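You will see subunit A twice below: alongside subunit B first, and alongside subunit C after that.
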Partner chain A sequence: WEACVHSNEAKAEGRAELIPSIKLRHCCLLRNQRCLTAYLYDRLLRMRALRWEYGSVLPANVRFHMCAEEVQWFSQYKKSLASFMRSLGGGEGLDLTQDMKPPKSLYIEVRCLKDHGEFEIDDGTVILLKKNSQHFLPRWKCEQLIRQGVLEHVVS
Partner chain B sequence: MFITDIRKDFYEVVANQRVALLVASDIDALCACKILQVLFHCDQVQYTLVPVTGWQDLSTAFLEHKEQFRYFVLINCGANVDLLEMLQPDDDSVFFICDTHRPVDVVNVYNDSQIKLLIKQDDDLGVPSYDDIFRDEDEGEGSDSGNESEEGSEPSGKRRRFDEGAVERRIERRRAKRDWEARRREILFDYEQYEYHGTSASIMFFELAWVLTKDTKDMLWWAVIGLTDQWVHDKITHMKYVTDIATMQRHVSRHNHRNEDEENSLSIDCMRISFEYDLRLTLYQHWSLYESICNSCYTSCNFKLWTLNGQKKLQEFLADMGLPLKQVRQKFHSMDMSIKENLRDVIEESSNKYGMKDIRIQTFGVHFGFKNRFLASDMVHATTALLESTEKDESASDNFIKALDSLSRSNLDRLHSGIDLAKKKLMAIQQTVASCICTNLIVSQGPFLYCYLMEGTPDVKLFSKPMALTLLCKYLLKAFVQSTRNKRCKLLPLVMAAPKDVEKGSVIVVGIPPESETSDKKNFFGRAFEKAAESTSSRTLHDNFDTSIITLKTEDRSKFLDALITLLS
Partner chain C sequence: MDTQSYLPVEPGVGMEENFLSLDDILLSHERLPIRTECRFPRLGYLERSTDAQDIPEGTKMELPLWLSKGLYEKKRRVLSVELPKVYREGWRTVFNADPNVVDLHKMGPYYYGLGSQMLHFDSPENPEIAQTLLQTFVGRFRRNMDSSQNAYNEDTSALVERLDCLEKALFASGQSGLNGFQSWEKGRASQLTASSLVLNYRKRKMADGPP
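Presenting the complex of A and B:
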């Protein structure tokens, strides 16, 4: 629309030779706009993926790279995902972010890559995660730590 | 106490509990650990695996985990010391100990509640009877003299006045007690004097798996590797090795019992374990035949390859078999098939002529895929090299994890890197042996031979590790026995010292029993080192589970040695 206005003005003022340059400039602006929106959309998709990877609390170094609007978008996404998950399973709720790949066994063997201190599992027992110790633990408790890089799944 | 029914008294007890596994750093322990891990995976027993390298490590690991675990399984550690006194556990902690170290401490044998030993009782143990060592404190008048097992008690039929009678009896009791205590000290001294090894831990756990009918070929292979580790590192006698091989052979035939014919053949990728009466040439299938002959202890010592004469003899030997040098020096895989076919028989025939009657040894080999063939001894050398690798920035537990991984069939690249490290280690050992013999570094100190590796010696870093140093020690003694003309020196044991940590100024000292055909591999240096250290108040660290390996401060070396000489003369 702006391009039309400018070209009409050009015609009106009798400087018709400017019309192609106006059109070109306008195309460039449109293209830049498309690039920027594509970039912002890609960031959005990545932030959405972060929720599935890291959980509802993002690490500080990731949040540092997000602008205020993105943070706001992220919390809204979190809320809508949470309300969706709560509505599943007949009102009881189901955590979809667990078990992203079909699990092969209830317990997995993990190896500790760095000292992490004490770690509590469901039945209240505490395990000391020391570097290079190996443990055989319930899969669902380990997934978070595997994602964080503290534990490593040992496949033998 | 000894466990008789390993399934009921051990496995079913821990099956619903969480267990802490404390595993020592040797190959037998690693194999046993792998077998137990697979069993635990089957039954979803939650466990935590902690590698330990010595007594201090064991205590630290116990302290860290004692709040969270009630059941502890100790593999290849803990049997030869009073564990309850060392660890001071709570009353409800239970320890299952599967250890090859003998003698088993008497407290561990007779404790009924907290210590359960996963050890076979027919394993030549010679544990003193309870009454000889323990006695209930019973100062009362009517003490039952049935518990006292010495002579010299006065006949109690003598009648005297009541006072005198009571005094007499008290004196008698005191004398009897002194006699009993003296005899007890003697019995304990005899029992604990010599250190040796019993049935492999991995065989114990394999038999547990067999009783549970959960044994697989992988577990069988690990059990074989554990047994071969005991043989490679000279921990058991030849008789015992042959007996255990026969036991394993029964299991192998049981696993191989399938009707394999043209129609029902197994895929080439399946694991096949086979009994081999193979050559005693270390790693020969992964090296060239020539290198293997030069670097294997048996052939190197018999030919005396550190002398010119020995080299010539080797050339003659190869010529005698009709093996061209070019063939023999290239990688084993690339040798001509015509040579490889009858290689073992040809070598055996020729070595008989050169006085090497036992060039072949009973062992097992594994075969999976087209390329992957390994003998049990290859695996032992590779995994030991990984376990004791001296790369920078690698802690003991890093190495433990790497070695543990290399035992799985899916980690072949790790196994191959282990084989390369093992080759380097063997070459280093041979060169060190050659230089020690040629420069007469082994000195007779009277009751034993002594050798000290100076700091500048090439590859001396490799020998700061206990198993590598012990292997060097054994090869050196064999070579020395072959090369010396002094008949008396041939019967002496060897003590060897090498720098362990140059910054801290410590050396590692190892003692091995004398070399003989019928050696029972019993080592008295554990006690000897302790006494020598005590008498000179040298700063020593008896941290290793094998008591014949200690760490010593460099400055205290000479006085420690003098004390040892006086002690053993």
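Presenting the complex of A and C:
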């Protein structure tokens, strides 16, 4: 549209020979716009993937690199996803981010890959997640920590 | 198989580009030999070989695909695009004879992609170019598919180095399927794993952010 405006001005002033140059400049502007848009869009796709693979609270170093609009986008995406998940299962809700692989057992053996501090499980007991310690824990409590690389699923 | 949450925009199919596809953006960066069919006033600085203020008509230069596509008009009043060597008759005969011997990575890493885009420029050889692209792909596909489905747990660089980008993507997809199947056979499909995205972020040293 901008190119049309410039071209019309060029024609009006009898300087139609400038039109090819105007077109070239316009192509360059469109190219820059395409590159920027694709870059920003790819960032959004990666943030969206992190919601599924990491969790609803992003690690500090990733958040640090997000601009304000992206933070806002992420929080709105979280909200949409949460309300969608709540609406499933006849109003009971279903956490789609759990059980990404079909579960084989209620409890699993995990090894701690790094110090993560204290971890409370449903019956109130507190486990100390110290590097290299192994525990036998309910699967649903561990899933997110495994995805985040804190625990390792040990299969015999 | 690792469930894929990051789904980047794929490249377009055939003559179409996907606006948001990073692969298509890289593809359209490839340079083409062109000849200007009109004068470009005040843009002389783009054409380094002369000190002229304008680009005169009839200049031969190299422009990236995105610019060539943007400026091209059917009546050829603005520029005309020459076919790069790989798509001309000489090379086409080679491809038609035996597509498997050619190093498509060296022939411009985007052989199929750029070839499909060349069809926008109304060359009289378009039908032959299109036919050669298709036959080359068909000729090479069998070997690529076999190798991607049978190379398990080994160094595939020798297999992959002569493939163009489209073939590399297909190869990677085949490998991913093979690895997924093998891990299922070994009973490791139910093992929960750390997300590959997370591991990649960890590996990078964030020099300018909090740890």
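In this section, the second predicted complex is superposed on the first by the 156 of 156 C-alpha atoms of A that agree within 3 Å, B and C clash if a C-alpha of one lies under 4 Å from a C-alpha of the other, contacts with A are read in each partner's own complex, and residues count from 1 in each chain.
Throughout what follows, a residue touches a chain if its C-beta (ideal position, glycine included) is under 8 Å from a C-beta of that chain, and two chains touch if they have at least 3 such contacts.
It should be emphasised that the depicted structure is a prediction, and the values quoted were computed from it without experimental measurement.
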Query - Partners on subunit A (subunit B, subunit C) - clash or fit - result: fit
Query raised in the report: First (subunit B), second (subunit C), both or neither: which does A:Lys131 touch?
Result: first
Query raised in the report: Once the two complexes are overlaid, how big is the angle at subunit A between subunit B and subunit C (Cα centres, nearest 10°)?
Result: 100
Report task. Kindly classify A:Val155 by the partners it touches after superposition: subunit B alone (first), subunit C alone (second), both, or neither? Result -> both
Report task. Using the superposition on chain A described above, determine whether A:Asn61 touches subunit B (first), subunit C (second), both, or neither. Result -> second
Query raised in the report: Residues of subunit A touched: more by subunit B or subunit C?
Result: C
Requested in this report: Give one of first, second, both or neither to describe whether A:Leu106 is in contact with subunit B, with subunit C, with both, or with none.
Outcome: first
Query - Lowest inter-chain C-alpha distance for subunit C and subunit B in the superposed arrangement, angstrom - result: 10
Requested in this report: Find the residues of subunit A that appear in the contact set with subunit B and again in the contact set with subunit C.
Outcome: 155
Query raised in the report: How about subunit A: which of its residues touch subunit C in the complex?
Result: 17-18, 20-21, 23-24, 26-28, 30-31, 34-35, 37-38, 41-42, 45-46, 48-50, 52-54, 59-62, 64-65, 100-104, 108, 139, 142-143, 146-149, 152-153, 155
Query raised in the report: Which of the residues in subunit B come into contact with subunit A in the complex?
Result: 18, 37, 40-41, 44-51, 64-65, 67-68, 395, 397-398, 400-401, 405, 408, 410
**Report entry** Partner subunit B, residues of subunit A touching it in the complex
**Finding:** 105-107, 109, 111, 125-128, 130-138, 155-156
Query - subunit C to subunit A touching residues, read off their complex - result: 3, 5-9, 19-22, 25, 38-43, 66-67, 70-71, 78, 187-195, 197-199, 201-202, 206, 209-211
